[in-house]
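In this document, chain identifiers A, B and C correspond to the written order of the chains, with residue numbering beginning at 1 in each.
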Amino acid sequence: MIQKEAEKIFETRELNVNMGPQHPATHGVLRLVLDIDGETIVKVTPYVGYLHRGIEKLGESLSYFQALPLTDRMDYVSAMSNNIGYVVAVEKLFGIEAPERAKFIRTIVGEMSRISNHLLWLATHALDIGAMTVFLYCFREREWLLDLFEMICGARLTVTYPRVGGVRNDVPQEFLESLWKFTDEFPSRILEYETLIDQNRIWLQRTVDIGVISAEEAINMGMTGPTLRGSGVPYDIRKHMPYDAYDKVDFDVPIGTKGDTYDRYRCRMLELRQSNNIIRQLIEKLPPGPVMVDDPKFTLPPKDKMMPITHPTKEIAYFILEKACKGCGMCMRACPAKAITGEKKAAHKINQALCVNCANCLVTCKFKSVTVVSGGKGLSDEKLAELAVAPDQLPEDIKQAQQLLVKQFEFIKKGPKAPEGDLYVATEVPKGELGFYFVSDGSGKPFRMRLRAPSFIHAGCLPRLCVGHLVADVIAAIGTIDIVLGECDR
Amino acid sequence: MDINNIISPQLLDAFIKFGINVLVIILKIVVVLAIGLLHVAYATYFERKVIGHMQVRLGPMRVGPHGLLQPFADGLKLFFKEDIVPANADKVVFYIAPIIFMAASMVNLSVIPFSYGFTIADFTISPVIADINIGLLFIFAMAGMGVYGIFISGWASNSKYAFLGGLRSAAQVISYEIAMGLSLVGVMIMAGSLNLTDIVRAQEESVFGMFAIPQIVGFIIFTIAAVAETNRTPFDMPEAESELVAGYFTEYSGFRFALFFLGEYIAMIIMASMATICFLGGWTLPWYITQVVPFINYVPGIVWFLMKVYACIFFYYWIRATLPRYRYDQVMGIGWKILIPVALANILITGLVKIIMTMYGA
Amino acid sequence: MAVTEVRISIHTTGLNPKDIAEKIKGQFPDQVIDVAEFRDQVSVIIKRDQAVAVLKYLHDDPVLSFDHLQDLTAVDYKGKKDIRFEVVYNLYSTRYRHHIRIRAQVPENDTKINSAVPVWSGADWHERECFDMFGIEFTGHPDLRRILMPEDWEGYPLRKDYPLKGPELDKDWPGFTDVLKRSKELREFDWEG
């Protein structure tokens, strides 16, 4: 009664708080505009796009092989999983199968990536709710995994280790040993985190019955991954549409019942154990064999065969045969050092002092006028003209190297041609369903590359999870849906 | 002219005594302030080291051996930082707020006794700046003053995060002050005094040696309330980093920020001293320990006092490294629904026991 | 404990996608334009007018039960096809494990299609992104704003006629030119006073 009277006299409105894009708990550059009544959330409006880099647009101008590093930069917390998602999709588009060993290795690193992602999720989720120590415990183990990544590919975060048709290189024995040791110790480490928070009364009060979402609603909103499984939907792409070696391992999928923050937390904790188990099975079963598909269409030519031209100690010089040169200017444009000069329709010349031996002129010339002179380094133009022979009269090894170089050039520049059609391939990354939708027009570049990022959908679910709760629960909700803004904004 | 003609010898004597008293008080203030601030500096170092080792890392290691000079480096850095005042802030209030907060918590140092008084050539020096009879009440009053510092800093910053932090803090500190006050009523009943020195003396003479044993309920309530009162994890609502960025001092930088920081740590030391004095027997040891190992009596009381205080502070750090943060409504729920009723029941029982004991002349 | 580990079988598949396409054809004979197949995935190309009705049928039919909207996006077929845009819906049934792709054709001169939000609430942000990137308007969408690009951005970046490098500098987004201008001003600021 009094309140109603008061409302007549005083105008009241919600406090409008702008959370982010710079905020300790929004996991990047997410911006939430909160309308709060006291501490209760009335309305949440998420704003994304601060990290938009146009990966889909970039992908249209790169060949299928070149776009791979872009996927690292999406979900940089589990870059390996993104790479795998991409290569699985492209392999399906081209209709090729990676060798068995490569599939196993990809599954291993994918599960490692899942563990490292869930560790980072747990660390930040716990830190947001205030449990600081879990954060550092998780980073201790994550560090180990990142070191293992470094061991196989030299990079810790943006790995680009899987390739279309296999993986970049075979794993060393020390890697497998260290990983085996990790899987031995990891279950006890999980117990360590759980002693800190699992039965902790405060943790339970902060997570149980917070952000409840029913199974029907969760699937209707497009949630995937552990976020969906916490609500009790048994949807896991590793089981539904198995890729790589997931049909050869034995694992269970944790399913929640209530769909609250605690269930999602438990799902991920159990997933850590399952992933650990998967890695152990795969290491035991790891078959021998090649790690890259044996098809010259999808691999770069062997480096040693190109050595006669590309090796820096071979003292070669490039020379343009005056007779053959038509003066089209292609080589001039291709030369990065601007060493080639000449008028149109007249023979061009290479300034040997500027030449950096990149071989760009060699592969661009259509008239076979550029040739290689072994031991021609530092010689004068007249001397070179004496020594130079037409490209088809060169020694066999140089000739072969030259051909391979042209092939490599075409591979990088144009890429192998994909069959015409459109294809949607989804993989289970730690955050949910990462889908790639390709429309191919038969060229070496995708006509349209669409990324279905789980974080993007999950960020869209935030208002549904937050409204009606308190400010502190917004933080728990951001943590529980496990978003990375690099992936959300693409 | 003889000096005796102008001032009588008695008056002169009184003057000299007065002068020496003033000198002693000034000396005491200087000593307590210097040692107090040094303690604060090293309390931060202690915290970082303790929590660091709990979290499988080392803590500060770079400045000085084992990072021992880190507090000075931090202080220096804060001192030379740019003092930023938000354009829309209420400037005067913005300047005053940290001073109020810091002063309110530092004044408390004046009523904390560290040991029994001792006599040097007719002068009884009690190791407390102001040995007042309402020591306990004074500390409550000053803790209440500190809230003003927090609240007006939140208001004056003209920032929504700071505002929310200030609101939370005002609500929280007021609620927990009640619980804390009530938890100490049991101690007051048992000691029959509000003077902190008398409370320690009462514990020394009691059967249990310290009030933590008969007043265990009060002690637990006090510990929880003290954590909430000093805005530390798991009750660090006002500055909840992941929600409100830094709460009420979000907009403060440089030395003004340092004042808040100092005030918070001094408040923590005060609370630890309160727990020591009111529940753990202050600088005395229970008779059942001193009688078993009599040579322990030669250790000066202040050592025990400091050891107890540091044990309490260590406890603060320990829970910070262990526990997540409560939500705002849960904090209020604990304060009003659990701590205050239990504290009231505790008072009732303590009072009844006291009446029964006096009736039967124990 | 609330969370349990369950065993999900690998080898259960639902209906053959071609049968689903036939079913759609049977239900909406005048809507289906074409059915395409590539690598075991079937796309049903439909007219846009009844697109949401088709989707609703797929979602609600107890035998089909496409409860999961995997992806919603658009493709710009400029220079490849007569009808320039296609809105693509990738659907999946988590219960019966079958997949179908619906492609609704949207002409260039009238880029409008009904919103799928009433069927799947998860379509919300997907459609906003399509609007942002292709300029396709989803009628009936609750809150159709730009999502990834700034609100006052001009042009639709994923269209084929939009240059990869973005617009010319003088036509660039005002927010960016403002930053450039201000950084230039600040560079000339006299720090020494």
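As a convention for this text, contacts are C-beta pairs under 8 Å (C-beta built on N, C-alpha and C of every residue); 3 or more make two chains touch, one makes a residue touch a chain.
Remember, predicted model here, so these are calculated numbers, not experimental data.
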- Could you name the chain whose Cα mean is nearest to the mean of all protein Cα atoms here? A
- Task: Looking only at C-beta pairs in contact, point me to the busier pair out of A-B and A-C.
- Result: A-C
- Roughly how many whole angstrom separate the Cα centroids of chain B and chain C? 61
- Item | Distance from the mean Cα position of chain B to that of chain A, given in whole angstrom | 53
- Task: Quick one: report the Å distance separating chain A from chain C, using the average Cα coordinate of each chain.
- Result: 22
- In their complex, what parts of chain A are in touch with chain C? 48-49, 52, 54, 56-58, 60-61, 92-93, 95, 216-217, 219-223, 230, 233-236, 239-240, 242, 246-247, 252-258, 262-263, 266-267, 270, 274, 419, 421-424, 426, 433, 435, 437, 439, 441, 447-448, 450, 452, 456-457, 459-461, 489-490
- Message: List the residues on chain B that touch chain A in their complex, please.
- Response: 51, 54-57, 160-161, 164, 233-234, 236, 240-245, 320-330
- In their shared complex, chain B is touched by residues of chain A numbered 15-18, 23-25, 39, 126-133, 135-137, 140, 196-197, 200, 202-203, 205-206, 470-475
- Touch list for chain C against partner chain A, complex: 1-10, 36, 38-39, 41, 43, 67-71, 73, 75-76, 80, 88, 90, 94, 97, 99, 101, 120-126, 129, 133, 146-150, 157-158, 162, 164
